[in-house]
Amino acid sequence: MKNPAQDQLRVGVFGGSGYIGAELLRYLSAHPSVSISWVTAHSRAGRGIADVLPNLRGAVSGNFISQAEGEDGSSGVDVVFTALPHNESQDLVPKLVEANPELRLVDMAGDFRTNDPAGYEKYYGCEHTATDWLPRFVYGFTELQRDKLRGARLVANPGCFATGMLLALAPLAAAGRLQGDVCLLGLTGSSGSGNKPKQTTHHPERFSNVRSYKPLAHQHLLEVESFLGTISGEDFSLQFVPQSGPFVRGIFTTVFTPGVGAGELAKIYAEAYGAESLVEVIEGSPDLRWVQGSARSWVGVGGEGDNGVVFTVIDNLGKGAASQGVQNMNLMCGLDETEGLRAAGGFV
Amino acid sequence: MKNPAQDQLRVGVFGGSGYIGAELLRYLSAHPSVSISWVTAHSRAGRGIADVLPNLRGAVSGNFISQAEGEDGSSGVDVVFTALPHNESQDLVPKLVEANPELRLVDMAGDFRTNDPAGYEKYYGCEHTATDWLPRFVYGFTELQRDKLRGARLVANPGCFATGMLLALAPLAAAGRLQGDVCLLGLTGSSGSGNKPKQTTHHPERFSNVRSYKPLAHQHLLEVESFLGTISGEDFSLQFVPQSGPFVRGIFTTVFTPGVGAGELAKIYAEAYGAESLVEVIEGSPDLRWVQGSARSWVGVGGEGDNGVVFTVIDNLGKGAASQGVQNMNLMCGLDETEGLRAAGGFV
Amino acid sequence: MKNPAQDQLRVGVFGGSGYIGAELLRYLSAHPSVSISWVTAHSRAGRGIADVLPNLRGAVSGNFISQAEGEDGSSGVDVVFTALPHNESQDLVPKLVEANPELRLVDMAGDFRTNDPAGYEKYYGCEHTATDWLPRFVYGFTELQRDKLRGARLVANPGCFATGMLLALAPLAAAGRLQGDVCLLGLTGSSGSGNKPKQTTHHPERFSNVRSYKPLAHQHLLEVESFLGTISGEDFSLQFVPQSGPFVRGIFTTVFTPGVGAGELAKIYAEAYGAESLVEVIEGSPDLRWVQGSARSWVGVGGEGDNGVVFTVIDNLGKGAASQGVQNMNLMCGLDETEGLRAAGGFV
Amino acid sequence: MKNPAQDQLRVGVFGGSGYIGAELLRYLSAHPSVSISWVTAHSRAGRGIADVLPNLRGAVSGNFISQAEGEDGSSGVDVVFTALPHNESQDLVPKLVEANPELRLVDMAGDFRTNDPAGYEKYYGCEHTATDWLPRFVYGFTELQRDKLRGARLVANPGCFATGMLLALAPLAAAGRLQGDVCLLGLTGSSGSGNKPKQTTHHPERFSNVRSYKPLAHQHLLEVESFLGTISGEDFSLQFVPQSGPFVRGIFTTVFTPGVGAGELAKIYAEAYGAESLVEVIEGSPDLRWVQGSARSWVGVGGEGDNGVVFTVIDNLGKGAASQGVQNMNLMCGLDETEGLRAAGGFV
């Protein structure tokens, strides 16, 4: 890998061969203030990064290293991203930070998103073994956490469904308009399942299919309810249904707001996001296509009379993972928040 | 076209070159008790049916005829399907039936689905010109209208979204469990837009896209609310959001039932559909794929505690149009209800 | 399973849970002269067939049985299909036929398609252990083998790519117009890879992808060259490139015929297939879509001046596997060749 | 639009709302040495660029202007791209250049790609009206025309299929290995048809389809044969078949090279492209996916013994249009050839 320029951040990535890690590398390689120092990959250590990820040819050089090498290498970087499977970060992160107290770290997994070990165990199926680290993390839903993220050392990057939901729900909560049963649905692409082939992502069976899973029981409810609890004291119950669609990238989220009409919604989101660089608000439905490959999100509002609907579209690998991670890194390190994130995706 | 066997129904189809008409021809050509007498097509009159619809090569012979020829030919058939654009049936149907009082007719358009001319004008954008014919039609949601359909002469076939909704909603209404704001969402394939190319079905822009349209204002609400009103006197408000997905066939409908848990739902649908030949009930989510190319529908139920979710999957061109039309024809003519409708679609 | 009617063939299927087996069940369940006696599935034995293959709900009843049970059950059926992975049939078939000399058997694998054990070992990577059985099989490319198939007991069903190639090549060979380097390409859908998830059929990586594999070295060359050798004594060399496309069903084959123009091609194929019920010939390119879910094939011809191109489209699971198997079974058992095979696929 | 920095090129784009124009804007907006001065769009003049092309929100500001306004504005820019329908550039370009002799211009259409007006009329269906301008243009297949492109004022950007072909054919021609009938096939995505909906790009009919068109007669043969004629004096005949696949972006080209084996091919392409920044050479097949959204191309080689196959993959909107246009602009204007073109596309 190239030597960093004088003023560039040196960044290491744990877990660079998964889809989230690969997208992180895409954003980081185009970031003018970043130099990628090293990238680990469990089973690909020793192989050329751009051999495993041919899209990065010309953009990222060097080989994947092992996780042990990454742990050693953490002393030589300014920022670390951990893009590992759930339950692995809680082992690695304490070691890394204790050995390198100055390190800034963004965790892409579910391990540090709430201060609720019992909820973690319920939703992620294993006991949390680093509970004292939980309160040290800032939850990285950037637009509403900007003040806490500036200068933060440890950030838990939100989940993809959580991001799609919060874009709609957080401003509603702040406006005191989240009440009773809140029905919402998120339709996701297949990249959300990761790079390991399985039956539900087997092309012949996914190509033309739609199905739901974990209705009302998805693990991202944990962090969404926890974060909304910091905004609103009102009593509401999220009825969230995740679904799988026959496309690769993006999440289309729909939130029903009976009693809150399109006009009121337009005002709430204009106020919430009017000054944002990476969130657009429109009347009507956005197209999921508009955000694929991009760091940008859209919120659309519609409805009839007093009843409304909110739509959000994000790239699950972008705002739902890698680009929000970089956005948070920018804030943590005092850079312009949108640096490295302004490139447009294709129109088609 | 071949001469009908002694005991075969002679059937004519108006509008056979559209997607619904083409699917009707597919079902009718495989129906052992049906002989297709003629098929009209506005702009394709004179062309070979299997030249315009190559999938029907070997299954349907002859040429499309003009609408005028179809009107003349209606005296020589037992059953007519009208698969014309909305607003055209109300002109044609009275003429046909007055000239041929014995004719049995299934209208596939929105023209005769309710006895609510004002609602029709609101949702379909033009005044209804045959309002005295409205009460003569039976609404053909087969599973709940079987008694009225047996022997009926005039049937209004339900809309595709309406069918996906009613499969879930009608049993809830019958069970008195439809109350307050009922949030539901239908995700449809591109064939629902018909065979005329337009921007929202332009392949480069639809291939990987999801979007919503007419949120809370889709015209099928008219017939669904009207029909549910005949079942339940309760007060409820449907909050329906239609969406477009990147696939061709099928509608995946999701209904939120806070306060009605999965266990109760399972009982309601087992009772409603347990004896049905063409409707399956399962725990969890069905796959949309299971119904593509088939006359069969699935209802799935799930949830957490007292809160539930209902999923339905239909083929929008099958149960949402052509196969329900044939199912209704079978009842109207005293045939076995599932005749011609039992063929399975592919696993992939 | 239901009892067979007096005059129905009793059919057993080995390997009914794979994609080819599932499609066989779809065709057999709709075949008026067939009663499915039993179906084996290695890992699914004991499970309901229509639970594993929900598309068959209402069409096929009963549970999958084990292979051992199928071996026992072979004495009670008239016809057996073996739809097992390559290399397994050569163990099973001799046992079955020795125990049941009257049995008619269609093997869907590559094991018995040529009388060339050395070629088999080269292309399929293992020694053939039943070489004395090879000459007992008829190669089941129906349209050119009809005379041998009538009354045959043992039939080796052609491979999917082989079928797409032979539809174009066999008439050329018969016309003495296959010479020199013959360049051809077959683009296949993902169902050709079977139902086991792997990286090349992982939805995120296949959704929008095209790639080639085994260029000039695909194992179906073995049977194609062998079969063409029985037709033509000319010297030619097939340059075949298989490719994978982002769809599920079908193979689009393109054959270059420099020196043989469109006019001559049209005559060759009109003569070859003009009387065929399940093969259509047209000028220009067919659409792959026309054959998906159907037993029908299309051959198209085009070109400029003396240089031509031939296109063939087949459903890899239909004419490329299951429907050709049933077509062969019909001939073997003295039924109408197209019985159970006339149903049309959808227009979209 | 923003004011250009001191050292930025001022660029105007004619035809910015089509797919090629939109992709040009995507590349130009990310180009550090470019400032977009204005963009025309026939029917969208007056509308916000990022309203018509929402993917460009935050990347391109301002409104589309009319073509007349663009003609006036050409005096204030350094470079113009003309991304208009075929046959329109030949009217516009002479006017623009006569009025602004210093202007540098890249034409994206077919109008100025050869010095063969008769061929143009044959393939593009209309007489060429600016034949004296033809010899003034440099054909912009960058990798083989670099010397002529440096400092050129007028460049004709190659067609998308032509680029996919030439990547394989030009080095073969230079090596004297292009002889006899050269069979090749290009499979393209739907974006190649442009943004006007039509039947062949209607989603229900394209979703799962493959078809061919203009076999051996595609208009890009004109420029390919013309350009290869400048490299090789040998006698060969291109047998090119274009095909349409069910994806949006990219062209996968396959060239048969009987008599030229994989080893020799590997040497030819290593020599041709070993020093290239934007072309990769590998053994075996590339994945089309690797180039979608990127300026990079791949060449793969394979085969058996003395017979070979060459594969090329390009993004039809990238190297096949917009990114090659920018690559050429960089050379014309003395910039680093890859400036603005190094960003990676996604892995999925």
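Annotations for the structure displayed:
The first chain written gets the first letter, and so on, giving A, B, C and D; residue counts start at 1 in each chain.
We adopt the following convention: a residue touches a chain if its C-beta (ideal position, glycine included) is under 8 Å from a C-beta of that chain, and two chains touch if they have at least 3 such contacts.
Small disclaimer: the values here were computed from a predicted structure and weren't measured.
Chains that touch both subunit B and subunit D: A, C. Interface of subunit A with subunit D: the two copies contact each other largely through the same residue positions, with over half of all numbers used appearing on both sides.
Copies subunit B and subunit C of the same sequence differ in orientation by 180 degrees, per CA superposition (steps of 5). Centroid to centroid, with C-alpha atoms defining each point, subunit A and subunit D lie 35 Å apart. Centres computed as Cα averages put subunit A at a distance of 46 Å from subunit C.
Between subunit C and subunit D the centroid-to-centroid distance comes to 41 Å (mean Cα coordinates, whole Å).
Looking at subunit B, residues 19, 191, 204-205, 207-208, 246-249, 286-287, 289, 348 sit in touch with two or more other chains.
Subunit D meets subunit C in the complex at residues 181, 183, 185, 187, 204-205, 207-213, 215-217, 237, 239, 241, 243, 245-250, 252, 254, 256, 258-259, 285-289, 292, 300, 302-304, 307, 309, 311, 313, 348.
Residues 19, 189-191, 193, 195-199, 201-208, 246-248 of subunit B are the ones that touch subunit D when the two sit in their complex. Interface of subunit B with subunit C (complex): residues 19, 22-23, 26, 29-30, 53-60, 191, 207-208, 248-249, 277-278, 280, 286-287, 289-290, 293-294, 296, 298, 317, 342-348.
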